[in-house]
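A, B, C and D label the chains in the order they appear, each numbered from 1.
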C-alpha cells in the first residue's frame, strides 16, 4: 500500500508533464521566416502573407514577429524536456533503491537466466538495468539544458556559436529525454513487487513507522512538545532493545496514563493509518484517464 | 531604423516572457502538505480539508496530491527563469557588441566623468558595465538550472542532497535572474544611440547590405542560381575595389541587360527596403500594451 | 571487512586528490600584471622586473606572459575543485546508502535525542544529515564548474560577462567544495558501524555473494561458459527456494562431479575470500602517511 | 603589432595546455582490475601480479588500488579537456570579433566565391564559420564536464546511472574538444590579417588609446589622482570634438605646464609604446619550440 501511494505520485507526475508538453507544443511550434535581416524586405509588401501561408502549409503557428535570434521558444522546449528528464530520473531512482539487494522490494527486467540485468561477474545479481539506463539518459538530457539556454544568448541577427551548438544539443536533448521515458516505461512494464519483503522491511523498524501516529494521539493529552519528547524516549528504547514500539509504549507510564490499551491498539493499526492515500490514488487515475488521446503529429 | 527593428524584437521577447512567467506562477504556486509519508494520515479524515484551508489562507493553489518529492513544479520555475536569463543575456550581448569602440553605435550609463563605466586604466573608454553585469548574472542564473533539474531526482519521500541543494540554488536563481533583468533595464534606460555612426557603419559595406535586394530583383530575370552567381560576382568586385555595389552593378553587362537604371535605383533605395519592419514594431508595441498590469503579490 | 576495503578506497581517493591540489596550487598561483593592454607599456623598460618583484612580494609565481584574458589557470582550479566535490559526493553517497533504514550498516551524527539528524516528523529516524549536506554542497560546487569554464571564453583583452561571472562563481566553488569536505569529515568523524547488521545483510543473499568464488573454482573443470551456466542455475535455485547457495551447490550433480565437499568448503570460506584487500588497505594507509604536512599558506 | 601580442598569448595558452595534457595523460591512464568487489579475490594470491602484468601488456600505469567506483581520474580528464575547450573558445571568440563587418581586421576560410563562409542570404558576407563552429564545439564540450563530474558520484562498487552516463559523455567530450581544436586550427591556418584596417581602427579612437601613456607621463608631475582627472578631461574633449587626443592635450593648460612639446611627442609615439610585447612574443615562441615532439600513442 505504501508503494501504491508512491506509484500514484509517479502517475500524477507523469500526467502533469504530459499535459504541459502538449501545451508547450502549441506555444512554441511557430514558423520562422524573416529573410536576411529579419524584415521580410525581399518579399516586398507580401512578406506577412507569405509567412502566414508558409505556416499554414507546414501546420505551424504564426508568430507576431520573426524570431531568428530570440531563442526563448527553443529554451522553453529545452526547459520542458529537462523537467521531464528530471522526473524520469526520480522514478528510476526510486526503482533502483527499491531493487537494492538489501531492500529487495521490487525487481525489473526479464526473469530468465539470460535476462538483461544479469551481472556478468555475479550471476546471482539482477541489476536494475532499465532504471540505471533511464538515469544515465536523464543526466545526459539535463546536461544539454544549460548549453541550450546559454546558446540563447545569440549575437544580433546571427549567432556565432550559440545557434550552431543548438544543432547538436537539441537533437541530443530529444534523444536522451526520449530514452529516459522509454527506459522508465520498460522498468515499469516489467516491475515485479515483492509484497512479502515489503512487509518484512516495514517490520524492520520495530513499529517505529507508527511513531507519527503515536505522536498525533498523544498531542491532545500532553501538548506537542511533551508528546514529541515522549515518543522520542520510547522510540529510542525500542531501537536499543529491538522491541516493538507498541510494546514499549504500552509499558511506558506517561503514555499509559493518557492512552487506554484500546486507544493504543487503534494507534498501531497500520491498515487504518493510510490517511488520504486512497483518495490520492483515485485522483491520480482520474487525472490520467481524463487526458484526451492526442492525434499523431502531421 | 535597423536598430528600431532590433529593439522591437527585444520588446516582443520581453513581453512573451513576462506573459509566460505569469502563467507559470499560477501553475506552480500550490500548497504542499503531506505529513511524514505524504499520506496526510496524521490528520485522519480531515487531511484534504486541512490542505485546502491551508492553501486558502496562504493564497496558494490546491494540488491534487502531495508532491513533496516530485519537484516538477520547482523545475518549471527554474526552467522558466533560465529562459528569462538567456533572453536578458541576448539583449545585453547586442548592447555590448553595439558599444564596442570599433562599432560605437550605442553607449550606456551615466555620461559624466565619474560614470560607472569608466575604465580605470583607460580614461577614454566607456565600458558597457550594465550589459556586462547583466551577462554575468545571466551566466550564473543559467548555471543553477541543471543543478535544480538534477536535484529533481529525489529519493523516495525524502531526498539525500537534491532537496538541500535546492535551498541554495533556487534563491540564487532568483537573485541572478532578477539581477540580469535589472541590469538590462539600466542599460536600456541609459541607452544613447549614435545614429550618425550607425549610418556610417552601414556605408562601410559599400552598399553590400543591399545584395539581398539585388538578388531578389534579378531572380525573375535570371533564375535563382544565376542571380545568386551574378550578385556574388559584383559583391566580390565591390569589396576588392572598395567601390559601391550600386556602381559595380550598374557597370555589369549581365545585370544591365535585365535591370534598367530606374529599376536599379529602386533596388538600392535603402529607405524602401524595410519590408515589414514597421508592422513588426507596431505589433511589438501593441502586444506589450495589451499586458494587463499585474496586481502585486499578496 | 567489506567496508574496511571501501574505507581504504575512500582514503586512497582523498590522498590522491590532496596531492593533486598541492601540485595544482604551485602551477596556477602566479602573478598577473599587464597594464591596460597586457603589454606592461606604462612601465617602460622596467615592466618585467616590476612583475617579478611584485610576484616575489606577494609570494606568487612568475608567469612567462601576462594572462589577463587567458583563464586556463582559473579553469584548472575550477576543474580540480570540481573533481574534489565529485569525490566527496561519492563518499557521502556511500554513507547515505549504508545508513538507509533497510540497510542500517552505519549511522552518523550525535547519538542523543537532540542529535542533528533527528527527523522532525518521525522521531525514530536518524537522517544522515552530514552526508546529505555534503551531497548538496557537492552538487552546488560541480554546478559552478561549467560556468567558470565557459567564462574562460573571454573577449580580446577584456571580457564582457565572463570575467564578472568568475567573481561570483569562483568564491562559490571554494565555499561549496570546502563545505563538501567539511561535511564528509563530520560524517566520517561520527561514523558508527553496525558490524552485526553488516553480517546479517551479507547473509540476506543466501550465500550468493560467493557466486564469483564458485565460478572461479568451477572454471578449470567446466570451462568458463559452462561454469557460468552452472552458477546461474544454482543461484536461481538458491534465490527461489531461499536456501543457502552452498547447500544448493552441494546438491547439484554437475558441481558435485568436479568439486569435493572439502573443495566446496574452501570455496565458501568468506574469510579466505578477501583477495588483496589487506594489501590495498596497507597501501592506502602508507600513501596517506607519506604525504608531507603542508606549511600553512603565507 | 597589437595582434601579434594577441597571437603570442594564444600560442602561450596553447603551449601550456598541450604540456598539461601530456602530464595528465601520464597520471590518469592506469589499468583497472578488481573483480566483482574490487578485491581481486577471484585471482587468489596472484591478484596484484595479474594486475601488473595486464597493465604492462596494455601499456598502462599500475594504480595502488582498484578504482572502479572512484572516478577522480575520469574527472581529471574531463576537467583537463574542458579547460582546453574553453581556451579554444577564447581564441575563436577573438577571431569572430575581429572578423565582424564593422571591425574587419581579419577574415578566415577559403577566399573564392564558393568559400565555406559565404552567407546564403547575403552573398557579400564572409561568415567566420571556422571560429563559429569551434565555439559551438567548445560549448558542447564544456556542457559534458558537469555531467562527468556529477557522474563521479557513484554508488558503492557499482553505479546506477553515473557510470552509464560516462559511456555517452566521455566520448562526446573528446569529440567536441577535438572538434574545437580542429576548427581553431582551420581558422588560424586560413587567417588573413588586414593591417591597414587595423591601423584605421586604432585611429578611430582619436588617439585615445594613448590615454594610459599620457596618464603615466603626468603622474610624476601631478600625482595619480590629478593626472587621472586631467586625462579624463582631455579624453572627453577629444571624443566630443572628434579631435585627436594629442592635439587636445597640447592645448590643455595644465598639461602644457608640465609636459614640453618634445615630451608630448614621445608620449604619443605608438611605436615606442609596445612595452614588453617583443619579449613576450619571444617567450611564447621559445616555450612552444621547447616542447618535445610526442611519440604517437602505442
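In this text, contacts are C-beta pairs under 8 Å (C-beta built on N, C-alpha and C of every residue); 3 or more make two chains touch, one makes a residue touch a chain.
Only a predicted model underlies this, so the values are computations on that prediction, with no experimental measurement involved.
Visitor: Look at all chain centres (mean of CA atoms) and spot the one farthest from the centre of subunit B.
Guide: Computed centres place C farthest from subunit B.
Visitor: Between B-D and A-D, name the chain pair that shares the greater number of C-beta pairs in contact.
Guide: A-D
Visitor: Averaged over CA atoms, how far is the centre of subunit B from the centre of subunit D? Could you give it in whole Å?
Guide: Using C-alpha averages as centres, the distance is 27 Å.
Visitor: Roughly how many whole angstrom separate the Cα centroids of subunit C and subunit D?
Guide: Subunit C and subunit D have C-alpha centres separated by 31 Å.
Visitor: Counting only Cα atoms for the centres, state how far subunit A is from subunit D in Å.
Guide: Result: the chain centres lie 40 Å from each other.
Visitor: Quick one: which residues in subunit B touch 2 or more of the other chains?
Guide: 35-36, 89, 92-93, 97, 121-122, 135, 138-139, 142-143, 146, 150, 209, 212, 215, in rising order.
Visitor: In graph terms, with chains as vertices and touches as edges, which category applies: line, ring, star, complete, or other?
Guide: It is complete, because no pair of chains fails to touch.
Visitor: Can you list the residues on subunit C that touch subunit D in the complex?
Guide: Residues 2, 5-6, 8-9, 12-13, 16-17, 20, 27, 35-44, 47-48, 64-67, 69-72, 75-76, 78-80, 82-83, 85-87, 89-90, 92-94, 97, 135, 138-139, 142-143, 145-146, 149-150, 152-157, 212-213, 215-216, 273-277, 279-280, 283-284, 287.
Visitor: Quick check: in the complex, which residue numbers of subunit C touch subunit A?
Guide: 97, 100-104, 113, 118, 121-125, 146, 150, 201, 204-205, 208-209, 211-212, 215, 228-229, 231-233, 235-236, 238-239, 245
Visitor: Over in the complex, which subunit B residues touch subunit C? Could you list them?
Guide: It comes out as residues 35-36, 89, 92-93, 96, 119, 121-122, 127-128, 131-136, 138-140, 142-144, 146-147, 150-151, 158-165, 167-169, 176.
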